[in-house]
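Okay, got some structures for you below.
Here chain A shows up in two complexes: once beside chain B, once beside chain C.
What follows is the complex of A and B.
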């Protein structure tokens, strides 16, 4: 039972990371109907940028965290402006290929700039543990869970209570109609990319004390965030988080209780099952037209 | 300018549209037939890889270019073909048995993968094919009684009707060339048959195709099966060419290379698959050249412009360091994909058509002829 709880908390922490990456997919997909395959690599880049600020330059952890997230916002806007905007409105497949190419490029560039060694960021809370009875919970894992909950709450309020959030939702409903209503669609899309990259940056910095910062970390985690996003129903923000949690927990438990090999396959098996049985996901927000 | 005046349907579906084609394709065929006697063994080997990639490119073109379905999992089909060949060969079956067997088995797997495609569109389909590829990769690594797991499998030379065809011989070259030609002719015939017409109808508009009486489900599964079967055949040749196969050869990167073949070539015709295959296979030698020759050349060049010996040496070392970085191939792939989609969306074959049209219409060519249409109305989500 104790083992189970321990694994559950690890799974939840991992699931939060998946959830944050999936959230990035969902934000961009909702606004522009683009799937950003480079989302995991943006997360990886966030980790490296934070490493530069905190370990190399030697800033305070929280300041470095903040600066890294802001930097990621700028990176997101830049990517949107120069890579995504020229091809918006073209067939889906081309856009997806561009983001895959972008992922390749970011991964190689990160490898060239920061090298291929595993880097580690020391967080002020990375050593401690929380003991509840016999249960030992590491602070770095708890920090991921807490930060994710806060971030999701902030984003939820932002999208539902602010003017800009409403404008973003309108854009995601129908770009053309939003444009006619006077919403500056280009700027909104650019901001959505910034937010999405910032979320990825937060995930990257939170992940750094747990796993190491490495140029391939984004590919592995990013691809596992897809099942999370699909499970949550690709259009829903809480869905992304719930999907991420389910995938994270299932993966961790499969790694603990099932023979070797199941751990890596389990998320994709779930994904295929969801696609076969309930393609609209748990929180299906997608309408389906019958021909 | 040549103008072909068509008076009946028979003319429209002819494989070679006019006399010029006989000359140009005949010449191409003659050059390819003479090539193994003219070029060195390295270049011959590269040509064999071009043929194998081109076969996969044609397979992917049927699925992506003609039926409009996406797949980022074709490395898995290649792997199934390759492992079927290796397994059956180890059991003592000859090439003429396991070659078709690999195609048929991969085709069946492809049809099974195609079934989710009936309900899935766009991204969902892509994600499903990626998941399928991951699962296949993991199965290959774990199913040790058949695949020998991560140790991989050795593949012996082909036994073809009693003849031994080693992987570097001219016979293997001609075998690959012959299979490529057969696959291309088969695909051309497929595309002018009702099945091929249905594929194109589905690509252009599912709603319209359905209202014209095309059974969308059946044709999508068929397209997946055909594409997978051809990829499986290519997998057999790939296994023999590599002479050793292991699960880590069939990763996501290989699937993306295959997609790049058709994106670079131009995803709307078989010429694109061939041109793309040539391009992708040539990337590796190009990177080697970048590493080995270019730094020295640039250093010599800068010496010619009066740069001092020390500075020139520094430039050479610096360039060498950049070109030897471990991630260079990924960066180049990424750049190629982005640049092609942004600036040459119709690929190399599209560029060739544009140049041809420019001279045919000179001086009346206008760029808008090839401009793609943008749509901002949500289409993917409400289907």
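What follows is the complex of A and C.
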């Protein structure tokens, strides 16, 4: 039972990371119908930027965290302005290829700038553990869960309670009508990319104390976050998070209880099963977009 | 019935409805393309301040294209669009909305997952005066009491008529001085069409909002508007006051569906259109 609980917490922490990357997929997809396969690499970049601020420059962890996230916002806007906007309107296939290419570019650049060694960020809570009776939980994993919950709450309030957030939802529901309302659609789309990149950046910084910062970390995690988004029903924000959590927990439990090799297969088995029974994904029916 | 004077106006350029002041909207010789296809071919029209102008035409005549060109969704290849004396044909649609031009698009295009209230607030996106917005909301509930009952429902759950009411209200929340209305009767029952057009007239009279109305329901449009243009395959072929248009044999035959029995009581299949 203790083992199970500890694995569950690890799984939830991993699932939060998947969920955050999947959230980035979904936000961008809903707003622009672009699937950004470089989302995992944006997360990786977030880790490296935070490493630069915290370990190389030596800033305070929290300040470095904040600056890294803001930097990622600028990166997201830049990508939107100079990579995505010029090719909007071309077939989806071309756009997907461009984002895959962007992923390669980011990975290579990160390798060139920061090298290919495993880097580590020391967080104030890296070492500690929380003991509840016999249960031992690592702070770094709990921090991921807590931070994700806070981030989701902030995003929820932003999208539902502010005018700009509502305008973003309106734009993703009907871009033409948003134009007719006088909503500056181009700026809104640019902000959506900024938010997605910032969410990915948060995931990257949270992940850094647990795994290492490495230029390929985004590829692996991104490839698992994509099924998380599909599992939740591409286009649904709660779906992305739930999908991420399911994939994370299943993967971790399978790694612990099942023979070697099942760890990486199990999430995809779940995905296949869900898609067979509910092709629209877990939350898909709620979010069908009128094109 | 059709006289040579009308024929001249049919050719196109200046119809100059009887107004002394400068029109709120002046469209001159615009040509717009969908890809390689020329959708409108040198259309010119004017909307005088405070009046309702309608554009009649069959499917694919280019009515919606004219509205999209005016509101900036399409950029015309040639020609100018002047709103209150300012050329707007190269501006982005959100800039044009800020100038005071509202657009109620064809098919309503409400935000289906936003609540009715949120839809209305999006209509007021460019405004920040809370008191004024609250006042305008009340004014709109006055026009459409039904919307007030459904404020917290997602707009996608509304009936077609209610969605049309919402689309019009949403555009009014900007306090536009000119409203473009694209097929407000589309898919609505005759009773609802009457209701919607009654409100359109009320808004025009009570608030002085000028309107450019595009309609397939020619009867309704000619009863509502002051001036009318007839559009065929991307060209304006007739322009006059709605009163005169209603009396025109061509309009009666082709747009109002009046029967013109031949000499032996048989219907001649096609009257020759006088503008051809």
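As a working rule, the second predicted complex is superposed on the first by the 284 of 291 C-alpha atoms of A that agree within 3 Å, B and C clash if a C-alpha of one lies under 4 Å from a C-alpha of the other, contacts with A are read in each partner's own complex, and residues count from 1 in each chain.
In this text, contacts are C-beta pairs under 8 Å (C-beta built on N, C-alpha and C of every residue); 3 or more make two chains touch, one makes a residue touch a chain.
These numbers were taken from a predicted model, which means no experiment stands behind them.
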Three-chain arrangement built on chain A, chain B and chain C clash or fit
fit
Looking at the overlay, what does A:103 touch: chain B (first), chain C (second), both, or neither?
first
In the superposed model, which partner reaches more residues of chain A, chain B or chain C?
B
Just chain B (first), just chain C (second), both, or neither: which does A:271 touch?
first
Check whether A:35 is in contact with chain B, with chain C, with both or with neither, and answer first, second, both or neither.
first
Quick one: angle from chain B through chain A to chain C, Cα centres, nearest 10°?
80
Should A:181 be classified as contacting the first partner (chain B), the second (chain C), both, or neither?
second
A:87 contacts which: chain B (first), chain C (second), both, neither?
first
Contact-wise, after the overlay, does A:127 reach chain B, chain C, both or neither (first, second, both, neither)?
neither
Partner chain in contact with A:169 - chain B first, chain C second, else both or neither:
second
Gap in Å between nearest CA atoms once chain C and chain B share a frame through chain A
7
Can you give me the overlap between the chain B contact set and the chain C contact set on chain A?
173-174, 176, 287
Chain B contact footprint on chain A (complex, rising order):
29, 33, 35, 83, 86-90, 92-98, 100-112, 116, 173-176, 215, 223, 226-227, 230, 234-235, 260-261, 264-265, 268-269, 271-272, 275-276, 279, 286-289, 291
In the complex with chain A, residue positions of chain B that touch it:
64, 70, 116, 119-120, 122-124, 126-128, 130-132, 134-135, 138, 141-142, 206-207, 210-211, 252, 256, 259, 263, 267, 322, 325-331, 333-338, 341-342, 345, 372, 374-378, 380-383
Could you pull out which chain A residues touch chain C in their complex?
163, 166-167, 169-170, 173-174, 176-186, 287, 290
For a test of understanding, state which residues of chain C touch chain A in their complex under the given definition.
71-73, 92-94, 97-98, 102-103, 105, 109-114, 118-119, 121-123, 125-126, 170-171, 174
